[in-house]
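Note that the chains take the letters A, B, C, D and E in the order they are written out, and that residue 1 is the start of every chain.
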Amino acid sequence: MPAPFILDRSSVTQVMAWVLAALLPGIAVYVWLFGPGILVTLALATVTALAGEAAMLKARGYPAKPFLLDLSAIVTAWLLALSLPALAPWWLIVTGTLFAIVVAKHLYGGLGQNIFNPAMVGYAVLIVSFPLQMTQWAGPLELTSASLTLEQSATVIFGGDVPKTTLDAVTMATPLDALRTGLLQQLTVDEVMTQPIFGHYGGTGFEWLAAAFLLGGLVLWALRIISWHVPLAFLAGVWLTAGFLHFFDAGRFGAPWFHLFAPSVMLGAFFIATDPVSGATTPRGKLIFGLGAGFLTIVIRTWGGYPDGVAFAILLLNLAVPLIDQYTQPRVYGGARKGKEPQA
Amino acid sequence: MMTMNEFRSLFHNGLVKQNTGLVQLLGLCPLLAISNNIINALSLGLATTLVMAASSGAVSSVRNFVPNEIRIPVFVLIIAALVTVIDLLMNAFVHPLYLVLGIFIPLITTNCIVLARADAFASKNRPLHSVVDAVAMGLGLTMVLVVLGGIRELAGQGTLLSGIDLVFGEEAKQFVLHVLPDYQGFLLAILPPGAFIALGLLIAVNNWQKARAERRVHAAAPMPA
Amino acid sequence: MSRELFRFKGGVHPPEHKSESSTHPIHAAPLPRKLVIPLRQHIGQAAKPVVNVGDRVLKGQMIGAADGYISAAVHASSSGVVTAIGLQPVPHISGLPDLCITLETDGRDEWIDHAPLDYRTMAPAELRMQLRDMGLTGLGGAVFPSAVKLDPGTAHHCPTLILNGGECEPWITCDDALMRHHADEILQGVAVMRHLLGSTEILVGIEDNKPEAIAAMQAAAQKVDFAVEVVAVPTIYPGGGAKQMIETLTGKQVPSGKLSTDIGIQVFNVGTAHALARAVHHGEPLISRLVTVTGHVLRRQNFGVLIGTPMHTLITLAGDRDGTTGVLMGGPMMGVPMPNLEVPVVKATNCILVQSNELFPPLPKALPCIRCTRCADVCPAELQPQELFRFAKAGDFGHAQEYHLFDCIECGGCSYVCPSHIPLVDFYRYAKSEIWAREKEKRAADLARERHEFRQFRLEREKKEKAEKLAAKAQAARAQAAQDQTRRAELAAAPAAEGAAPSDADAKKALIAAALARAQAKKAELAPKNTDQLSPDTRREIEEIEARRAKILEQARQPLDTQEKN
Amino acid sequence: MLTAILVMVGIAVVIGLVLGWSAIRFKVEGNPLAEKIDAILPQTQCGQCGFPGCRPYAEAIAKGEADINQCPPGGEEGVKKLAELLGVEPKSLDETHGTPKPKSVAFIDEQICIGCTLCIQACPVDAISGAAKQMHTIIAAECTGCELCLPPCPVDCISMVPLAEDLPHWKWKHPVIELKRVA
Amino acid sequence: MTSPIQFALKNALRTGTILFVFALFGTAMLAFTHDRTEPTITRSQQAEKLALINQVLPAALYDNDLLASQQSVLPDDLLGTRQPSARWIARRGDAVTAVVLEAIAPDGYSGDIALLIGIGIDGNVTGVRVTAHRETPGLGDYIDRAKSAWIDQFADKSLTNPAPKHWKVAKDGGAFDARAGATITPRAVVKAVRNALDYFARHRAAFVAPPPAKEKIA
């Protein structure tokens, strides 16, 4: 084995562990503001992901241990779980997770080979196939007339018998849904925003969730697990696109701050768009990737068939990554600067 | 005339070895668009087969009179004419089906597999061989279409043969198989992305099968000393 | 004295491990019994041996002459007798042997006549030839013949001369030691360089983790009659790479695919400057150097070592320990594992690093690349290592080259930080050597094509000439026949035209038959000799070839036989 | 209806005229495909493919008269490259044309050589120097290892010496990363 | 010896002729088929349209030639139309029994939803069908009769049944149920049907008026 003979202490496991750790503040806020249901979803997704990963590794003839220990399957599971409605039925969680692990990850070649972000593939499959179930969001406790305990949540998720009235009492549309609905009823943004669900910026509860994800993301950045390029560009893409539209017609387009703190943008910017495997790799490429994803997010939110666009935007940009990377190759040491011939 | 062996090899070629859908990956546009249930798939597949057989026969019969430089225009002319004829006939006699298949009937003209076989095979072989080859190729495509349609229909809505009434009339509705009663439905399978995913999986299975067969052959062959 | 420094992109901070060896004084390694001096110690053409087995040589005597422009001579490191010229293990990653001259030393260490060079009065070209013949090469690692680098080229002068004291690899301290103890001599060498290159600005870059070396060099700089700027540069690996040192000190980058002299900068290692001073001021060719022996040994220190000294003697000298798992030549980032310890110290040997499981735990197993681009962050060549890896792994060398594979300096920074523990540099080396091999193959194929086409053309021409000759002959015959106007004469004319051929063939046949007998006799006595130590497989192959050959011979003979019957 | 027929026929005639005219006027001389194929072939000129050299084989492939798997010196890799160039499925080497061998050069045992020049005439790349009744030598750098000089030699003084790996020819190997369990 | 130009011209003439023959033959074949199938195709197309109208209009309600009764309607806010649309008048004998209107629900989740609404002369809905929409599959597309029977609940409804304030989806306190999580689409449809009824009520007189001697065909 030739040089080098020493290694830095970093490892894939370490990277993934930090990502999981950085999600914890978000999860804590989630539990605090929306009830403990998300814990059931997280646990179920984790177990499913590990089982799916182990089965696929075995089928493909890879040793299970090093790959299960790399924690990447758990990262996928958690990101998917956090994108799902907290009270989604168990089969929805299992289907999405399995799709993410089996199809989006292993059929593409496993760790490091998937061109799409597995969690977002799982999410997209679910929203396309089961749009109805994907709207059963638990509302923020502040606004719901009832709340569910952990056991009750588990009962709901596993299809147990729960009075429909209880369920109706705890679920409500997300701020994005509400905005879309309101706008279609010919209300202006300001009129829509008077509904209690909208809170200060991004929706009651949701804005704190977003802030928690932002915090976790900043930790990842401080640790150099992720670079600033993608999140910043993504947020800038969202902010600029939403701001542009809002500037021209504040009545029909939500405010940029709302879009930033509305569900999923912070999670997407810091945890999903930064997935190294399916993202762009060059510095300029990362900026384009982030800006493009941010732009598409708002476009889809505004004109698309679904209320949120983060997942589709990221998947579309995943598709463009090879092209982006190819056209944004940075200047190498000693290479010509900006098209000029190197000075002899 | 043709021997049994030739016949068999042409069919093997069309259905397996050079299968248009799984191996050559030609004519994917209709393959992906019209494979959301078995009936659609079968109808379009057969229509394509018909066009292929007719055009291959025609191309092969005139192959000696067509100079190289206008080969392609002549073939396209023949194919386009035949497709339009079939388009008109379907419009007249199986109108409901025509409505479903819609734009994809005229699009058979641009289905590369038709021109590919006309140019690659029919223009170099005798009419009988060409027709057999075209039928084999067409059936190969139909086969993939039907399998794909079956998978998507079953996964997407839990039925098989739905829409059979469009071809055989209202009474045929009883033949629709509700394989999975009270099925939730898996929309993805029916929507366009489902076609890509299902076709991708089919191709993967086909390649995997091939690789396995090859490995077996290698294993069986005596190792060179 | 402060100078604006520039930060090159990338780099890593591996643990330094310098103090282990740098705190001890330099020792001279004793004269070994046997010296093995490889003829290929530098980049370029290997030297050609100019002594014979049995010759007695003196210390400093040239035993291998430079062969070509990019080459350097090799010299006897001590006096003794040449006992062998042949393949010997050399310090190369492949473990393949190379042509070496083996000396049995006589212990007298008797110098050949040598005298200082009056470099100021010599023509630069002549001086360079002298240096080449004194075996001067860079001692920083690349071992490029110094004479070539001391040629300012068409520009006739190279304004900036950088002396590279940035010994950035962990563990190695030989340059540090050299600077601390021989600063004056180093600057004497610099004076010669300055003379040859016409440099006006002299910069000495030393990493700031070597304060004593900086102080020593600064002190020495006060004493010389030209301005020398000693600059402390930040400690970062690979800050001691020539291109990185240039960027740190000047902010300039060497254009891709060009030489630093193209931007008026030349860089030499401090060791090279020292060797140059010894060569010019003492007439001593390059026969020794400083070597750091460190790692898993009892006494980590620097040794003054004669080129050709077997490595195991140095390790024994430093005190070998149990638990040794391997020995590297060079540092842990770019070093080369030694196939065995018989290999000699060569001009490139700056460090002998003894490994153990505690100091160098076995590397963890690699996982797939997750494209995290940490490698790109640390790459001092500003490449996209993850893409290069992908291309190299897939054998897509065209793309690898498009992504500037050949700008990679193989510093190992990417492998060092890779969270998937992929041996990235290995892949780049593999791709590079594969590309070179293909290039070579392609050149060979082009040559073969060209020669084949020429041959076709020649045969065609000969055939045409023959046909013309025949036609002329036939015409002459016909003319004769017309003259004779008899049928008999006409019949006779035809054989006459070919008459010469059969008799020629007969003579040749006899000759061939005689030779055949001779050859078969010879083969009978030869054949068993060279086949009995072969493996059964090879033997079978030979038999097959023999059989085929016999068949071909049979066929070749047949026409002769039939002809005979006619 | 008549308009439709007239339009179609009119277009057809125009296209026919243009195509017929251009086919003759803009004919491309030579065969660029054969060039490309020739560039892939190893240029050993050994004739194992059944053609008298690499160029004729390349032309035969370009015309579709020869298969791509008849060149043992090119090996499987050569077949793969040809397949890629021609857009066909790669296949395994046709062993009736021989099997790939390690790269070798011919070596003449000068003790035995009688200077008959037969090998010089057989060598496709003129890599043997010598004259009648004088010893012949192989110019190793130019020898392609085609073995064509072996059969004509009446005294069997030529042997093929495999090129051993030495330092200047040493190559880095593809690093082995074991991810999969060895089955 | 012919010059290259002459040679090329000759070749052009040859290929031109061949292509001419093929084109002539091909076009002739097409012309023939077209000629033979045209009446059948026209018949099927009309049958198709009629079948669609029949879905919103019970066959018992008319005995006139419905297709011939087609009239053009100017764009109207209540119909949601921005271009002239069509309407068909059903008669039994001479009496007008019902009218079929094309309407648009402009505020679907993904844009316009095209509707065909049959209204009896008594102001009761005889049937509603969605003819074109771009609603999210699985979410809003249950308004399509092919996907679910939801649209059937409009049958026999009128402006007074339910009361105007109940012309809403259940979630908004109305009489029309809608699936949870997907209320935008049904809201739009309910509103459009109500508006169409409104439109009919306002223009009732014009519909009931005895037919002009010769109906003009739009």
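One rule holds in what follows: contacts are C-beta pairs under 8 Å (C-beta built on N, C-alpha and C of every residue); 3 or more make two chains touch, one makes a residue touch a chain.
Remember, predicted model here, so these are calculated numbers, not experimental data.
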item: Furthest chain, CA centroid comparison against chain E; value: C
item: Between the pairs D-E and A-B, the one where more C-beta pairs touch; value: D-E
item: Whole-Å gap separating chain A and chain E, where each centre is the average of the chain's CA atoms; value: 42
item: Distance from the mean Cα position of chain D to that of chain C, given in whole angstrom; value: 32
item: Centroid distance [mean C-alpha coordinates] between chain E and chain C, Å; value: 82
item: Shared-contact residues (touching 2 or more other chains) in chain E; value: 11, 14-15, 18-19, 22-23, 26-27, 30, 34, 137-138
item: Where chain C touches two or more other chains at once, by residue number; value: 365, 367-368, 423, 426, 429
item: Junction residues of chain B, two or more chains touched; value: 67, 69-70, 73, 77, 185, 187, 191
item: All pairs of touching chains, each written as two labels joined by a dash; value: A-B, A-C, A-D, A-E, B-D, B-E, C-D, D-E
item: For the chain B and chain D complex, residues of the former touching the latter; value: 67-70, 73, 77
item: Residues of chain D touching chain A in the complex; value: 179-181, 183
item: Partner chain C, residues of chain D touching it in the complex; value: 38, 41-45, 53-55, 111-112, 114, 116, 124-127, 142, 144, 150-152, 154-157, 160, 165-167, 169-175, 177-179
item: Interface residues, chain A side, partner chain E - complex; value: 128-132, 135-136, 168, 173, 180-181, 184-186, 305-306
item: Residues of chain A touching chain C in the complex; value: 1-8, 10-12, 14-15, 66-67, 70, 72, 110-113, 227, 276-277, 279, 281-282, 325, 329-336, 342-344
